[in-house]
Structures are given as C-alpha cells and as structure tokens.
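One chain, chain A, links the two complexes that follow: it is found with chain B in the first and with chain C in the second.
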Partner chain A sequence: MTTLLGFVRTVARLVRADVTKLSRYWVVVSGFVAIAILAVSGMMIFYRIEQTANVTADSGYDFALSVVNRLVDVSMPIVYVLVCILFAIDVSNSTVKCILTRPVTRMELLVSKYVTALGMVTLNVALLWAVALSGGAAYYGLGDLTENGYVIFSGGYVLGQFALGTFFLILGFASVAAMGVAVSAFSSTMGGAIIIGLIFFFVLGAISVIPASLGLTVSSGGESFLLSFSSLSLPKQPLVPLGVLDDLTTGVAIESWWIPPIQRMLVVCGCHLALFFTISAIGVRKRDFTL
Partner chain B sequence: MSPAPPVVAEHLKKRFGSVSAVEDLSLTVEEGKVYGFLGPNGAGKTTTIRMLLGLIAPDGGSVRIFGHDIRRDFKLAIRCVGAMVEGPAFYPFLTAHKNLQLFGRLSGGVPAARVDEILDRVGLLRRAGQKVGGFSQGMRQRLGIALAMLEKPRLLVLDEPTNGLDPQGTREIRELLRQIRDEGETTVLVSSHLLGEMERICDRVAVISQGRMLREGSLDELLGADDGVVELVVEPDRTSAAAEVLTRRFQIEPRRIRRGHLELIVDGRAGASEVNRVLVEEGLAVHGLHSRRRSLEQVFVELTGEVSDIQ
Partner chain C sequence: MTGVRALLVVLMVVTGAAAGSTEDLFVRSKIEFPGKIEDHLLADVDGDGRHDVLVVHAAPGDRHDYHLAVCFQRPEKKFDGCEIIDLPEDVRAFDVGNVDPAPGSELVMVTATGIVWSAFEAGRLGPRHLMTEVSSVFTATDPDVPRPLDLLFDLNGDGRDELLLPGSDGPTWVKPDGSTQLLESPAIVLYRLASRGADVNAALRSGFQSRVTSEMNTPDLHVFDWDGDGRLDVVTQLDNVLRVFLQDEVGSLPSQPSRTIERSTLAGNELDSSFTGEVTSFAQLDLDGRADLILTKWGSSEERTRMDRAIFFSRPDGSYPELPDQRVRSESVTPDFNLVDLDGNGTRDLVVPFFHFAPSQAVKVITQNALRWQLRIFLLGSNGRYSQEEGKEFARIDRRVVLDYKLDILKLLFGNQARPTGRIAPLLDFRADIDGDGFADLVADDGGDKLRIYWGNADARYSSSPDREVPFESTLAYDLIDADGDGRTDLFAYHGTRPVKDQIDGHGFHAVKRRRTERKRARRAEEARRARTQDETEPRERVRLEILMSLGRGG
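Now for the complex of A and B:
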C-alpha cells in the first residue's frame, strides 16, 4: 500500500512537472492554440454551410455533435504529434538523466508520460466540446431536445449521454496517444519521434480503409470466423462513440452503451494500449541512457 | 557498526558491442573526502559514473551507495546523491530558477529560498529569471553544479565539472569544491582529465585508462611522500658558490647541478628554511626553493603512457 502510494505520489509530481514545462513550451502551446482556432473557425464555417444548404436540424446539440464529429478527426493528428514529443523532449534535451538521478524510477516516468498524454487528449476533446456547445447554444440554444414542440429528451439527459460518449471517446483516444508515447520512448530527437510517429499513425489509420470483408478466416470448433484487417485500425476506432451519439440527436434514446461496436472498439483499443505500453515499458527499462 | 561508505563499486564491467568500456573496475569512496576520478577522454569515466548512478546497467559487478544497491534499492540509494553527468542538461525554454524548482519538485519540493541560495552560491542569482537557452556553456555548467547541490546531497557526483569554463570559472568551481570539502558534510566524487585541478582539490584519486583501474590511492601514495628533495634556484654565475656553501655549512652534496639550479635533499621544511637563511647570510640571492615532488600529470603519464588528452 505504501509502495503504491509512493508510486502515485511520484507519478503525480512528474505529471505536474510535465504540465509546468509543456505549458511554457511554444510548440505545445501553439498546438493547442491551433486546435482552438481550428475549432472556432470550423464551427463558424460549419454553421455557414448549414445555413446556405438549409439543412439545419435547428438543435444546438445536433449542431455541437456534428462540429465535434468533424473537428475531432482534424485535431487528433495535432494532439498525437504533441504526445510524440512527450518523452523525446527529455531525451533530446538530455534532461532524462537529471530526472533519473532523482528518486524516480523508469516505470514511474513512463506512467507519468501516459497520464500526461491522457490529460492532453482530454484537454483536446474538452476544448472541442466547449467550442461546439458554445456555438450550439449561441446559434440554436441548448434547452430540452424537442420535436414539433414536444420534449423528446431533457437537456440534462442529452448532456449526460454526451459525457458518457466523451468518456468512451477519450478511452479510444488514449490508445492512439499510447502509440505516440511508445514511439517517443524509443526516440532520441523530437523530429525523429514526430516523423516515425506520423508514419505509424497513417499506416495504422490506412488499415481502416480496407473493406471489412478482407481478413483472415479462422476455424474454431467447426465454425469459421473472419478476423477483419480493418478492425486492426487505430485512429478511426475512437470515433465509434460519436456514431452512437448520432442516434441520440435524431430522437433515438441510447438504451445501453454496452453494444457490440463499443465492445469491439474497447477490445481493439485495449489491445493496442496494452501492446504499446508493453513495448514502451521494455524500451524504457532496458534503454541505456547514454546521452 | 561503522556507516556504509558513500560508494562501493565492485568488479564493474560494461561493453558497448565489441568495445569494452569498463573492465573489472572496483572502487570505494570514503565519507567526507573528495575523490578524483582521472583518465583521458574515452577512458571509461563517464560510463562508470553512469553505472554508479543507475543510468546504465552494468554487464557485471555491483554498486552500493551508502549501503544500498543501486539496482535493487534505487530510490533509497539515489536519494542521497546529487549528480551532474557529462555536461549540464536543462529545458532551454525555462528560466534557471524554474528549471531548478522543477527538478527539485521531483524529490519532494525545494523552497524558493533554497533555489535562490544555491544560485547565489554558483554566482547565477542575477540570472535566475533568464531562460537557460541564452546561457553560455560556463553558466550552464555552474547551473548544473547548482542542480546537483540543490538538495544538500550526502554524495555529490560531478562529471567533468570544469568543462567549458574559463580560468576564472575553473577557479571558482575549485573554490566551491574546497568549501564543500571543508564543510565536511558532503562526499564528492569528481571526474576530470584536468590533472592540475584534481591535484589541488582531491584527497584520493583513481586513475583509469581503457576501462581499467590503473592505480588508486591518496595523493601522497600516488605522488610519493615528500622525500625532502628540493630544487634551489640561484644566480647562474653563483651556482658553484652555492654548492660550496651547502657542502661547507650543511655537509650536503647537491644531487644534480645545472647552471643556476641545484637539486638537494634537506630535512623537512625546517631544513629548507635553514638552507635559505644561511645562503642569504653568505650573500647569495635565493631566487627559488621548492619541493620536487612529482606532479599528478607525471604519475598519470607514467601509468598510462598518454599525454594527448591531459592538461
């Protein structure tokens, strides 16, 4: 128990140190400013398009969800690049040796990077929702969800479901971020981490364009199963919760979040998370920091 | 039971591919001393220090810091240590003060007053608010030493602390290390290839070359005890007169005589003073009278046969 408490305390100190330095590092600050600008301008452009095409649902929630759905795809590579430098920033500045000559173990350092990455992902999603919901409120209002004057869902219910969807979205994003940290853990320069990280990102993302009918057929107990290659994709997986929320704004209640698409997303992302964490843990534990 | 020594390394080995960086190296650093770790560039000093601090895993052997195994009880071992390994490292986009505060936080937090105090001690207090990216190599070096000393460690490990410093900076660091030694609360392990500097501050030294320990001991053991050999410098044309006075008044036959220089054996410092007094009394101007003890550089060259990297 004392050991666990000590572990958590050290990780918290490392995360705080990361927040201190990253919030003063122009690359990271610029990244989040870019996301904010992208969110605001994207939201305004989306409103203009809706007005021009006259296809608005007249619902702030629907508008907000549509904005997040589109912007999350754009902002994800930016956050991913920022995550890629998390470990590399300490290796390239050689500050990793200053950290590791203090009472900090390599595992604590690695876990702290994962926590910081999760924080960056959360900040990104929160920023998008904040902008999108503000736009939704300003353009259409955010009261109860109604249709023809009848209340379908209360505002509280919709926001609660949005929060749940965001939770699953962040879980999925965490596995993407894990790939960034794993790449970073093996890199000696920030440029190298970004380039290698982006190659992994786009290669794993490209798998999702493979038709779901392509894969490996596995026989078990006389029955055949198809293991689709597309389910190995990573960047597209976290977007599943936003697809589930789409039904909500059309008036369909979400009876359960524990549905096959979410289960599959959790399994795929969970496997990726475990894989990347294991790879980075082996790398960081074995690595000679001959800097 | 006597307390465990600050550093006990036994049979350390490290290979990088086919190159053997450190081979069967053992050393013990005693508490309260300044221990010099000498060797030319590429001798294995930094690799050894990295192993001592757990930054790299040795291929063989063990390291104990104040009795704690650096691999098994890393936190207990490293808590007593302040280190600067192969040059200072900081976040260039943070100020000197913020950098120290940030690293201090990892050990549980250091009060801002202590950060100011240590910056003052290395002469950087006026630069505390400046970003490290704009610092010169010398300033970074001093900041690195400040970081190593931040939490008042019981063991201070400094790898080439005077690298990149001008003569004034080197003198300041030497004075700082002397102060630390005189305070007696901190044991210092310092590596360098600047033998002159090491001779001035170390109590005990180890000479390594090509990853092997060549010699370890106190300065007296390495340089040879003061055996009374002194060099006398007089007016060149009074060399014979000086030799005659030494023979007549002290029954001393100079071992070697060159024009203006006489090498002789006297009985301690008092003997040298007496020789000086009598020569002056006999009307001979004494231009110099100094011990002929070997320098660390001479010992080093004898041991390693290397002269290119050392100063």
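Now for the complex of A and C:
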C-alpha cells in the first residue's frame, strides 16, 4: 500500500513538473491556442454554412454535438503532435537525465507521461465542448431539448448524457494519445517524434477508408461474423460515442451505454492502449537515456 | 421470338421447411431459374384464391427475349415450380385479372395495335382474343420491356374486371359489353426541339425540320371509394390536380370529373428553388369514409432538409379547407411515408422515415457499416386528429422506432445484382401482420441477411430489440401481402443476378481469405462445368425468389 501511495505521489510530482514545463513551452501553448482559434472560427463557419444552405440544427444541443463531431477530427492531430513531444522534449533537452538521477523509476516516469497526455486530451475535449455549447446557446439557445416546439428531453438529462459520452470520447482519445507517447518514448528529437508519430497516425487513419464490408469472416455457433479491417482504425474510434449521442438529439433516449458499438470501441481502444503501453514500457526500460 | 409459344421448364427449386428459428414462423420457398429479372406481379392466376407470382425476365444472354415465369402457390403454402411462358413480342404492358366467365385469371396485354387477352393454359398462353382496338399511349410505340401495369379493376363489384386504359385525353373505360367511355383527364405533353444530330445537320445545311422529342405524362389512376358511399370511383392525379369521377347508383361514371381538387402549400418564392417539390396523395385517414388529402413538401428554401406534410381532412360536404388542418414536420431523405392502422382503432396512422443528416452518420458507415434510420409514428386519435398541443404549429411525434441498416459499400458500388424496376427500397415496413392478430407488425431487413420482426400491439409500442430474427437474404425489391387469405402477411423477395463465381465462393460479396488449394479447386470445378455444358457466358444470370409464407406465432 505504501509502495503504491509512493508510486502515485511520484507520478503526481512528475505530472506537475510536466504541466509546469509544458505550460511555459511556446509550442504547446501555441498548439492549444490554435485549437481554441480553430474551434471558435470553425463553429462560426459551421453556423454560417448552415444558414447559407438552409440546413439548420434542431437545437443548441444538436448544433453543439455537430460542432464537437467535426472539431474532434480537426483537433486530434494537433493534440497528438503535442503528445508526441512529451518524452522527446526531455530527451532532446537532456532533462530526462536529471529526472532519472532522482529517486524516480522509469515506470513512474512513463506513467506520468501517460497521465499528462490524458490531461492534455481532457483539456482539448473540454475546450471543444465549451466552445460548442457556447455557440449552441448563442445561436439556438439551450434549455430543454425541443423538437417542433415540443420538449423531448430536459436540459439536465441531455447534459448528463453528454458527460457520459464525453467520458467515452476521452477514453478513445486517450488510446490515440498512447500511440503518441509510445512513439515519443523511442525518439531523441522532437522533429523525429513528430514525423514518425504523424506517419503512424495517418497510416492507422487510412485504415478507416477500407470499406467496412472487407474483413475476416469468423464462424461461431453456426453464425458467421465479419471482423472488418476498418475496425482497427484508431483515430475514428473516439467518434463512436458521439454517434451514440446523436440519437439523443433526434428524440431517442439512450437506454444504455453498454451497447455493441461502444463495446467494440472499448475493445479496439483497449487493445491499442495495452499494445502501445507495452511497447513504450519496453522502450523506456531498455533505452539508455544517458547518451 | 415469333408469336406465342409455350415452354414448360422444370426448374431447380429448393423448397422445404425453414431452418432454425424460422420453422415455427414461416414456410420458406426458394425459386431460382436462368434469366435477368425485370419486373414482378402477384395475382391469382389459377383461380384457387391464392396469389401466384409472375416474374417478367429476360433470357440469359439475350436482353430482348422476354418471358413470364408463373410460379403457382400450392395448398400447403409452398411454391414448388414455375412455368415459363414466352411473352409475345408486341406486348408493351400487361395485367392479370378475371375478364371471362371461366374460372381463373387471364393475361390482358396492351400491344401497339390494340388490347388482347389470353387464358393461361398449362404452361402456355391460349388463343388471343381481341378486347378492344381503342388507341392508348402505347399505340404505335416501339417494343421495350413488357411491364405489369394496373389496367384491370372490378368497378361494379360483379367479380369480373373492367379495363381502364391510359390515353392522351384521359383513361378509357372499356366496359364488359365492349363499349368504351373516355374519362376526360388529359395528359401533359412536354416537347423538345432538335437533338445532337440536328445540331450537326444545322452546321451543314440550313432550312430543314429538326427532330421533335415529346414526352406524354398521363395521370396516375386510382380506383378508390372517394366519397364513402361504398361504390368505387375513379380518381386521376397529375401533379397536384386530382380529378374525381364518382360512380352513381346504376354503376355509370361521368365523362367529365365530378370534382377537381387542387391544393398547394408552396409559396411563390419557394418555386424558385430547384430543390423544392410537392406531391399530393390521399387516403381515408379518419373514420368518416371520405378521402383526406396529404401534401408533402420538400427542399423548401426556408428549411432544406425538412419535409412538411400538410393534411386536409375532408368536410361532410366533400370539400376541403383552403389551409391545412394539421402539419407534420420531419427530416427525411425521400418523400415516402406509410399510412397504416398501427393501434387497431380503424384510423390510419402516419409513419415517416427519418434520417438525421449529421457527421456521425458518416462515422457509423465507416466504423459500423450501417446507417441509422428512425421511423417516426404519428397516431391518429379517436378525435380524428393527430396529437397536437394547443398553439403548436406541428403535430407531435408519438412513437419512434430506431433501426440500423447495414450498408455494404462494396456491394453497392460493384455488386452486379439486377433489380426489378418500380419501388426499390430497403425492407423497413409496417404494412405487415405476420401473426394475424390484427395489429401491424414491423418487418425490417437489417441489410445483412437477417429479417427482424417486431410484434404490433394496441398501444403501437414496439420493443427496442426485435421480437424475432430470421435469416433472410437482404433485398431492395419485395412484396408484403396476404397471399393465401389466412389473415397473415407473407413476404416475397426478388433477387436478380448472382455470378457463378460468387456461387462457388458461397460467401456473398465479403472478402474471405481462402486457402490457395481451395481457390484452385473451385476454379477447376468451374472450368469443368463450362467444358461439360459448353457454356462460355459469364456470369450466368439467375432470377431468384425467396418466399416466406407466415404460419403465425404458434406455427
């Protein structure tokens, strides 16, 4: 118990140091500023397009959900690139040597990077929701969710479901960030980490364009199931919970979040997360940071 | 093909009890024969009170040699064979009905020179009888695919069908005694001058008459009890104009419309948008027996993806208000909707398919290979109105049913399934009463070769997961009808072509990793088959039917 507590304390100290360091590093700050600018301008452009095309959202919640859906796609590569430099920044500045001269294990260092990455992802998602909901409130109003003038869900219920959806969104996002940390764990320069990281990101993203009807057919109990290759596309997984939330804005209550699409997403993301953590753990343990 | 010639073909038919969970629900028949499907029709050909299936198809390898397959229903709810009848070359359209006193139906054929009928006689058509020589829109036309067309109606209820023939001035009613009467409802004729060939000629010389292309739009024709007097009336519909010919007590129809009805909900500025459209339909919605109007408007400039349905309830004197009594609003892809009595109270409830235009739908296609549909239900209450609160502009949605439809992009883009013409849509339909309990059941094809069934009830509440799920090859062409008169709805699915290669693989269009030896063996088997049959055509076209005859919940 004491060991675990000590582990957590050390990780917390390392995360605090990371946050302090990153919040003063202009690249990271610029990245989040870029996301904020993209979010606000994107939201305004999206509203403008809606008005021009006369295809308007049903409500502020519908609008906010659509905005987040689009912005997740846009902001994901930016956050991912920022995560890619988490280790590389310490290696290229040689600060990792100083850290490892302290009573800090390599596993604590690795876990702290994952926690920092999770924090960056959470900050990004919170930023997107803040912008999207503000836009929804300004343009259409929030309050209760209505359709053709009839209340279909109370505002509290909708926001509660949005919070649950956001939890799953962050889980999906975190598995993408894990790939960034894994790449970073093997990189010595920030440029190298970003280039290698982006290659992995777009390769895994490209899998999503494989038609979902292509895959491996597995028979079980007389029934055959198709395991689509496109299911392996990691960058698309965070969008799955947003698809579930989409039901809400069309008047369908979400009876359960434990449904096959979410289960599939958790399996894909969980496998990727375990894989990337294992790879990065091997890398961090084997690597000679003193060079 | 010359004249009428008959050929009885023994077909490869696989009929048998359904497997697994379907055993107690359906008797399943599968029929397959060479050809490419063009169209289909359900009719009682042999006069046994049961519907038989008629399939118009082209011969394999010859797109202009058309045949009619007549697949008879047997007493034990099975279809165990088809007779293939050559369709005469001069047939443009046809219908099946009872036009002579003998039992069984006859084939009424519209040709370029007149209307003839023949009886079905064991695998062939009997001698031709001239029905009338009156001209129709088909007069002097060139041959094309012979298609089923609703021509025969029993207007006076005597059990014998009469002919309503589309013409440029309106439908011609051919009475049982052979006399004819024009019901004045003129077609709209559009024309276009010149053509690409004329453009070329114009460059070479001046002073010649260029080609004129014209297109005649005859009205839709309905035989329907418009005024609730128990007699069938004739209604023509062209654009938003409905012309009603009311049948009187002695069974005659007026030559001029008894009523002409036209309503529109489009504002002047909305007509400027090329996206905007409007369609009029009618049905007996409430319990007064009179027809009510439903105007569907889509793509208006104010709300692009919204579709509004304006409902005009008929008044006791048969008139309609100038402004709609109620409006129903929903997003939708097509203006289609269903009117079904879901709760068994005798009134017609409105079912509107809804599709949410959102980025999440694209993600769903990518990650789940599926599109999400919602069927929105508006129940017509005992007060004769859809639920609508005081001061609200639109009716309230009473129920929602959510369905995922698997979308196989590869099959959609590269699949070579021939499909019949006519209404092509995924099978997501409330017009079924599979168990015969009087309530409309929802039958939904999941797009992945499964049929989901949701039982109906007096509350029109459908469970979120299917009550029954049975194997069923997904289709876009189907009929839902009580084909044997037992009060339960049966399902007919039509499929066109499946290449031989696919039959060998036996795994649909999905990519299946096969061992090299298996692939080699399959290729050798196919080459051997071709050598035996000297068949060099590939792929070989097949018409396939899957028929599910309901046994009810208890089997």
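As a working rule, the second predicted complex is superposed on the first by the 278 of 291 C-alpha atoms of A that agree within 3 Å, B and C clash if a C-alpha of one lies under 4 Å from a C-alpha of the other, contacts with A are read in each partner's own complex, and residues count from 1 in each chain.
Note that in this section a residue touches a chain if its C-beta (ideal position, glycine included) is under 8 Å from a C-beta of that chain, and two chains touch if they have at least 3 such contacts.
What you see is a predicted model, and the numbers here were worked out from it, not measured in a lab.
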First (chain B), second (chain C), both or neither touched by A:94: first
First (chain B), second (chain C), both or neither touched by A:14: first
Partner chain(s) touched by A:215 [first = chain B, second = chain C, both, neither]: second
Contacts of A:103 with chain B and chain C, given as first, second, both or neither: first
Which partner reaches more residues of chain A (counting touched residues only), chain B or chain C: C
Chain B partner contacts - residues on chain A that touch it in the complex: 10, 13-14, 16-17, 20-21, 24-26, 89, 93-95, 97-105, 288-291
Parts of chain A lying in touch with chain C, wherever the complex brings them together: 53-56, 65-66, 69-70, 147-150, 208-209, 211-217, 226, 228, 230-231, 233, 236-237, 239-240, 242-243, 245-247, 249-252, 255, 261, 264-265
Chain A-facing residues of chain B, complex: 16, 47, 50, 53-57, 74-75, 78-79, 81, 83, 85-87, 89-94, 98, 102-103, 105-108, 147
Chain C to chain A touching residues, read off their complex: 301-305, 329, 354, 356-361, 363-369, 372, 374, 389, 392-394, 396-397, 400, 402, 408-411, 464, 507, 509-513
